[in-house]
Every structure is written in structure tokens, then in C-alpha cells.
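Several structures are given next for inspection.
Paired with subunit B in one complex and with subunit C in the other, subunit A is shared by the two complexes that follow.
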Partner chain A sequence: METTFSALLEDSAEDLYENAPCGYLSTLMDGTIAKINATLLGWLGHERAELLGRRRFADLLPVGDRIYHETHFAPMLRMHGEIGGIALELVRADGTRMAVLVSSTVKTSANGTAQLIRTTIFDAGDRRAYEHELLRARQEAEQERDRVQLLASTLQRTLLPPSLPDVPGMDVAAYYHPASADEVGGDFYDLFPLTGDTWAFFLGDVSGKGAEAAVVTSLTRYTLRAAAVQEPGPASVLKRLNTALLKDQHGATPRFCTAIHGLLEPAGDGAKVTLASGGHPPALVIRHNGAAELLDTRGGQLIGALPDARFVEVELRLRPGDTLLLYSDGLTEARTHGRVRYDEEDLRDWADTLDVGSATETVAAVSLLLDSFGDGVDDDTALLALSVRLLGDERP
Partner chain B sequence: MTSFTVTTLDLEAGPVVEFAGELDSASAPRALQAVEAISPRPGQQVVLDLTGLLFCDSSGISALIAARNIAHSAEAGLALAGVPRHLARTLVLIGLDTFFTTYATAAQAQAAWPESPAGG
Partner chain C sequence: MDARRRNNVTVIGCEDAPTVLLAHGFGCDQNLWRLVVPDLSKRFRIVLFDHVGSGRSDVAAWSPQRYTTLDGYAEDVLEICAELDLRDVVLVGHSVSAMIAVLAANREPERFAKLVLLTPSPCYLDDGDYRGGFTRADIDELLDSLESNYLGWSAAMAPVIAGNPDRPEVAGELEAAFCRTDPAIARVFARTTFLSDNRADLADVTVRTAVLQCSSDAIAPREVGQFVHDRIEGSVLVTLDAIGHCPQLSAPEQTAAAIAEFAGAR
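Then we have the complex of A and B:
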């Protein structure tokens, strides 16, 4: 049995060499081709006689690879006695190229003298095609991501006012921190004149993210803008929005928002604010003397999920130096470094220690607070602050 | 990355779905699929056991409302059990603290359900 097996092996050794599924090449130490198998000749389209004793291995390479061979491949081979898995190209007789993976070893004589170089060559066409495909796919993904980011930032700009209007006697400031460059955020705010001296403002947060949230944000903004003109007060404006969002539902998952909407009217040396909340975190008032309080709007329900949602309206007066701050829950749901979430009371306690006298200063301080959370802010955050200018502070 | 697990228990007293981890826009679809997969029968009560819920954002709230809508459209009930403090706070904030029926534990929710799980 064993005899038969070795006889079979012996019989096929030459055939194995000639017709192996890879190319075999033996060269002298100067690279002159001494022996080559039929597989490699077939790949190259050369006759054996054209190559043996006449050409060097490097002659089979295109110029770039020839330089690589002389500067890297050959020196490494001399130094280590072997080199493996090098990606090169071979030039066929017809001038076309084929991608190969080349491994070489130096055969030494009994006294250690280098005698010849044995080289194995694998067809790397499939592998190259795969690598090209990977590269192409990655480039396309990068282009796609750029397009998505451009779309998201363009869409986002249409959902936020390009700049806040000047309100006489007031300082106003806003800030938007997107959690992701790829997705349109769900936060929105606006400030716009109504009739006479009255101004309307709102800030809210739509559930979900991306294009679907953007649709709701857009509907919400336009509804609030229109309803603020027509309805008598903030609570009835939110009722209108609730009806509009409910009409636009698809499937079981409600697309709702939470929002605070308010009216601002000048009163004496300050301003009167009437605001209504629909399930939104309480607005913060930072008095000029530094005391901060959360406006209790508990009981107001989120907007767009319940047919008969209730909204809670409150009134307050802002005196010179007082600031009203509206924010979205990206701020109060932020994880601080200890991974404990930051809540409304934390924000109030922090604001209590602030020494700010204007909307601009307040927004600057809160945005620094957000920066200090770093990666802890995993939701979009919007801020809108309104403050009554201090007497004598007539900056435009 | 957030982690979220959903486990459905088909108990004799009715289905209990346990949500654990972070319920947000990434995990909300899975949470809802689990509720849909139950296909509650009329008269049954679905209990969402939220004892292990670490975080719930607006998409999570949306999923809880949707779960209630799914149960109600099948003429089944829906109760929340083991609502963690952070979520209880949120539910007050968004005015939904009385919108959901809540119990301290899933067992209490099942004991309080007036109808037998077979709907008889």
C-alpha cells in the first residue's frame, strides 16, 4: 500500500511542479531565470526559451515594481534568506499586467553559500479585485456621509431661525448644539413679533431624530407660527398644535413634541411673560440678584400623543437684569462625568451660583457647562434666553 | 453604545415584557416589536416590567405610548410595573403620570387585573 502511494507521488512530482496551481521560478543569485514552470509560462504567455538564461526576474516587472524589487525586495531577501507575500505585478508578453503575490527563499549549499533563489508566485487577481472593491466601497461611503451631513445641516438651518430679531429693551440669545452631524436634530426654537409690542417665542423637542423628526419639527414650527397670531393665548396655541400633530400620525408610534410657548409684552421697566408648557422641562428664571427658580408648569402634557391633552399656563414678570432661559432636555439629560444624569434641579442649583445679567451671558455660561460634559451630551440641545436690559444699558 | 434587553414572559396571569437597560431611539423599535409580537387578546393585560430600565428618552416614551395604543386597540389593558424613579420623574414632567396605570411590581399588576388571562 505504502509502495503504491509513493510510486504515485514519485510519478507525479514533475507534473506537480509544471502544472501546480501557482508559478514556480528559480533564478541565479543575480536574478537570471534558470528554471520556470508551465503554469507561470502560461500566465506570462512566454516560451521557455525566451526566458531561460536570457531574462532576469526583475525584467518581468513593470518599472515601479522593478524599483521596489531592487530597493526592498532583493535586499530583504539577501538579508533574511526569505521574503513572503509581497504584492507585485507581472508584465505579460502581450504587455498586459497581472497582480501576483510573490514569496522567495534563498537555497544555500552545504557550506552555506547562496546558490539560487526559489520563488513562488500566486495569482492575486481576485484578491486585488477584492481590495479595489473595498477601497471603492469606502470612498463611496465617505462621499455618501458627506452628502448626508450636508443635507442634515441644510435641513437643520431651515428649521431654526437664521438669526434672532432685535426686541426693544431686551437682550436675546440662542444656541444649538447638534448631537450628530449626520442626523437632523429634533430641537427647535423661534422668536418673532406678533402685533404691536408683543413678541412670541417657543422652544421644543420633537421625539426621535432624522428625517421623520424633521417633518414633525417643520409642521410644529409652521403651526406654532400661524396659531400664535390667531389664538388668544399660549395654552390655546399648544392645543392647536396638539390637534395638528394628532392628524398627522402614522401607525401606533406617536410623533409628539414637548414645547414651551410664550408671549412677551413690555410692562413698566420690565416685561410680562405668559407661557404655556406641553410636557417640557420647566423654564428657568435667573433673577438679577442671582437667585434662580424653575417655573412650575407641571401637569402640562406632551403634544401630539393624546386627543385631549392639557396645557398649563403661567405668568411672570421680568425686571431689568432678569433672564428667562428655555432649554431642551439634551441639557438636563446629559450624563456628567460620573455618568449620573443632570436634571432640572441640578441646573437650577448651578444657575443659582451664576453671576449673569443678560441673555447673552447666560447662554455663554450654559454652553460652557455643556462643553464641560463633553461626550456626555448625547442628545441635541437648544437654548433660548430672553433678558430685560439693565437701565442705562442701551447697547443695540 | 447603549445596551438594551427585552424579555417576554408568557405567565399564566398574562404576558409580562421586561425592558432592561437604555430605552432610546436605537432600542425603541425592538421594545415595540416585542409588544407587537404578543398580539394581546381582548380582556388580557400586558404588563411592562421596567424595573431594570436605566434610561428612557423621548423615543422610549413614544414606545411606551405606542405599546399602550397597541394593547388598547386589541381591547387589552396595559400596565407599567417597577417604574424607576428617573422615569417616574419624566412621566410627571410630561404630564403622563396619570395616563399610565402603574404598579410597584409585575405580580401586583397581575393581581389587580380584574379579568382572568383566558379572557373568561
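Then we have the complex of A and C:
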């Protein structure tokens, strides 16, 4: 038994080379074929004499692969002494092609001079077919993703006002930061005129993301816009919204939101603001002297969750240089670089150090703050700021 | 603009000697010059860089607007020259960078003393009587080849070359970077390289030019080298006894000598 075994092994050196289950090829450093095994000749359909000393390895490749070989494969092999797992095609004698995986090493003499290139070639037909499938699937997935992003960004635009109206005596600014290009976010804001000198505004955040959230956002916006015209004050507007959302609960996903809604009326050299909150993070007021405070609207409940939800109304006066900032919790729940959640007090303390005199400057400063969090912002973020222009500042 | 960082610029060699700026071609990075740099740096100040998207360039600086034409790459070359305040530059462009060099020299001829076009081709596609060597289908096939070798382009190849046995971590780092190209960028660069036609730009070259070609080159055949030589007035044509498209690797001494001779001549 043992003798048979070793006899088999001893007999095999030449046979192992010639009839190995892979192609063997040795070339001079310029690629001229010097030695080739029977397996590879069989695959190619060439006679040994047609190739030895007459053809280069690159001659066996189709033109596209030849360029790849000359510009990448050959330089890499020269510099590294070896290269492995390169997917190429070989052109057979009859012109048909064969997908292969190629690995090469450079044989050097004792003094380090490069002498020969040894190459092994594996039949990769099945594997390449599979890879082509993967490649095609990846390209399809990329196209699909592009379509989804386009749809999401288009839908997102319809849920936000294209631009804010000019409010006499006021500077107004807004900002929207989508957390993902693939999904419609759930944040919304708006600013629009009511009768007389009064303006209405709101900013909120619906539960969830994507198509489901877009449905709620749309309903919420229309309801708020209509109710703001008909109802006497912000708290009753939010009550109307609460009723509308409760009525619309069907399906498994509950639909609710948080929002701040307010009215703005000119008063003296400033403005009077009445606002109500339903479960939303407190608005921030930055006074003209730089002092920042959070408006206490605690007690206002989530909108669309309870039939008798309560909403708290507060009033404040904005004087020239004062800014009112509404924001969504994308900002106050962002993780800062220390991976700690930013919160409302952090925002107030940060705003306390700001030197800003207008809504535009405030929104610019907060968007820079958001940028500084980098990937720490994992939710959509909406900002809406209103400020009373300083006297003499007549910029439109 | 920080061109030095964007293009991973390296400056070595003799500080007060004439400046030789080496521009690598498609498929590799500044490491391709490794075997000719030791000889050249004895006589010249050598400036090396990576095209954006290749080697250790700043990939974030890449944009399809700037880099779908060779002009974007030529602009980078000029920005490197301006930022380093390089004057009387001998600009050596290999492969596609030969045409990038032509575009740069045509835009600011006063910046350059000489041009060395190493295995140049002004147009890879056949067109009427002009034989560039390739058809549109060939180039599409190359793009497919790049696609199926996604791994070959993005992953580090095994480090084998003898070089720095004492400090394997340095060697490993070099090997990993060698010819590394972002696959998506490589695809665009391949398209830009092989579909550009700069034949008309050759007549505008006023800088003294040497055309260095290989005796056998599948990418830039000898008749293409001859064409470039014929179209650039006063150019010299040198045929290196070398095989392949990268004589800096297959015949480094000869290539370095030819560059040095032309660059160093009065």
C-alpha cells in the first residue's frame, strides 16, 4: 500500500505540471511565452509551437484586458514581484473567450535579478457569471437608490414652503437638515399671513419617517393652516389638530406629532407673540443684549395621542434685536463629539454666548453648530427663527 | 488651494538643480517612477505627485466636472507649479500625462523649459487614416475589465518586493498604496484617458519637446510616437530598446538616461 502511494507521488512531477487542473505559463520578463502546460494549451486550442517564443502573454488577451494588463497588471507585477486573483479573459484559437483568474510571480536569480514570470490560470467561467449577476444587481440597486432619493427629496420639498414670506419689520429665516437622503423626514415648518397685520407660524415633528410620516405631515400642515384662520388662538388651533389626527388613526401605526404654533402681531416698535406647544421642545428667545432663555411651555401634551389633550399658551414681546428660535429635537438630541446628547439647556447656554442680532444670523450659527456635530445628528432637524429688526435697519 | 496636499506632492533630489516634474499615467501613481528617481535625483530636483483619485491624493478633491476632461488634470499640474513656484520646469508626462503635459505647456509655456513625452498617444481611437490602435468597443471592454477587477483596484496587493526588510511596516504601507486607485474614479479616468483626442493640440506646442517611445508598446505603438514627433515642430524622437508601456519599469536605466540627457542639455 505504502509503496503504491509513493510510486504515485514520484511519477507525478511532469504529469502534475502538464495535466494540472489549472493552466501554467512561464514567460520572459517581456512577456514572451517560454513554457506552457498541456491544460492551458487544451483550453486555448493552440499548438505549443504556435506560442513558444512567438507570442506574449498579453497577446492571449482581448484588447480591453490588454490595456488593463499593460497599465496596471504588468507595472504592479514588476514592482511587487507578484499579483494575484486578477479577473481576465483569454481568447481561444477559435476566437471564443474564456473567463479566468490569473496570478503571477516573478522568479528572481540569487543576485535578485528578475528572470521569469510564472503564471497560474484558473477557469473562472461559473464564478464570473455569478459575479456578473452580482454586478448587475449592484447597478440595479444603485439606480433604485437614486430613484428613491429623488422621490424623497421631491416629496420633502412639497412639505416645506419653497420660501418664507416677507414680514414687515421682521427678519425671518428657516433651515432644514434631512438626516437621510433616502427617506422623507418628519419635521415641518411654515410661516404665513392671516388677516390684518397678524402672521401665523408653526414648527413640528411627526412620529416616524418615510411615506407614513409624509402622510401625517401633509395632514398636519393643512389642518394647521386652515385652523389658524378659523380658531381664536394657538391653543385651540392645536386642539383642532389633535382632533383631526385622532380621527385619522387607522392602521397599526399611531399618528401623532409635537408642534409649536404661534401668532405674531406688530406692537409698538416690536411684536407680540402668542404661542402654544404640544409636547414640543421649548422655543428659545435670544434677547438683543445676548441673554438667551427657554420659553416654558411645559404641560402641553403630545398631539394626536389623547382625546382631551391640554395645550399651554404663553405670550411674549419681542423688542428690536430680539430673536425667537423654534427647532426640532434633531438638534437637541444630537450626539456631540463626546457622544453625549446635546440638550435644551446646552442649547440655551450656547446661545447665551452667541453674538447675533437677526434671525438670519441665528439660523446660520445654529446650522454651523449642527455641522460641527457631524454624524452625531441622526434625526431630521428643522429651524425657524423670527427677529424684530433693529431700528434703522431697513434691509429687506 | 492646497495643491501640495491634494496631489500628494513629493520633492527630492538636488535643491539648486533644474526641476524635473514627473507626471504618472493612467493605472498607477507616483510610485511608477521609483526605479528612475534614484538616477535622476543625483542631477535634478525631482517633483512627484499623484493625480487626484490615484495613490495618496485627496480623493475628496475629485469631482466629475473637473476631471472628465484632461484640462482639469492640466490645471492641477499648473497649480502645483504655481504653489511651489517652480520655474523652467522640465515636465515629464507618461502615457496619458504626456497629453496632460502638452495641455499644461500650451496654457503656460513660460513656465516650462522642456517637455518629455514618454510613450505618448494623442488619440487612442482609430480615426480615418489615423491609427490610434483601438476601437470604441475595445475601450468599452477595458471599462468592463476595470469593473470586474474592482477588488484588484481597491484592495492592497500582497507586499513581496524586497525593499525594507528592517522596517516591514513602512514597506507594507508603500505596497498598500502602490497604484491604489478608487475604482469609480478609475473608470472615469479610463474613459477620459482613452476617449480624448488631443491631436490638434500638438501643433500649438512651443516648448522644446522630446518624444520617448518604446520599441514595442501595445498601448502607444511606434507609428503613434512618430505622429506626435511629426506634429510637434523641432521635437526629437528617441526610441528606447524597451518592451511594454512602462519603460520606467522595464528599462529604468535607459529611461532615466534619456530623460537626463534631454533635460540636462543646454
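Keep this in mind: the second predicted complex is superposed on the first by the 268 of 396 C-alpha atoms of A that agree within 3 Å, B and C clash if a C-alpha of one lies under 4 Å from a C-alpha of the other, contacts with A are read in each partner's own complex, and residues count from 1 in each chain.
To be clear about the criterion, contacts are C-beta pairs under 8 Å (C-beta built on N, C-alpha and C of every residue); 3 or more make two chains touch, one makes a residue touch a chain.
Predicted, not measured: the structure shown is a model, and the values here were computed from it.
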First, second, both or neither for A:A365, with subunit B first and subunit C second: neither
First, second, both or neither for A:K209, with subunit B first and subunit C second: first
Touching partner for A:F256 - first (subunit B), second (subunit C), both, neither: first
First (subunit B), second (subunit C), both or neither touched by A:A309: first
First (subunit B), second (subunit C), both or neither touched by A:A351: neither
Contacts of A:L295 with subunit B and subunit C, given as first, second, both or neither: neither
Partner chain in contact with A:H72 - subunit B first, subunit C second, else both or neither: second
Touching partner for A:L324 - first (subunit B), second (subunit C), both, neither: neither
Subunit B to subunit A touching residues, read off their complex: 25, 28, 32, 55, 57-59, 61-63, 65-66, 69-70, 73, 86, 89, 92-96, 99
Footprint of subunit B on subunit A - complex, ascending: 186, 205-209, 251-256, 258, 278-282, 298-302, 305-306, 309-310, 329, 333, 341, 343, 379
Subunit A contact footprint on subunit C (complex, rising order): 25-28, 31-32, 34, 95, 134-135, 138-149, 151-153, 157-162, 175, 178-179, 194, 216-219, 243-246, 249-250
Subunit A residues touching subunit C - in the complex, by the definition given at the top: 29-31, 58, 62-68, 70-72, 74-76, 78-88, 105, 112, 128, 131-132, 135
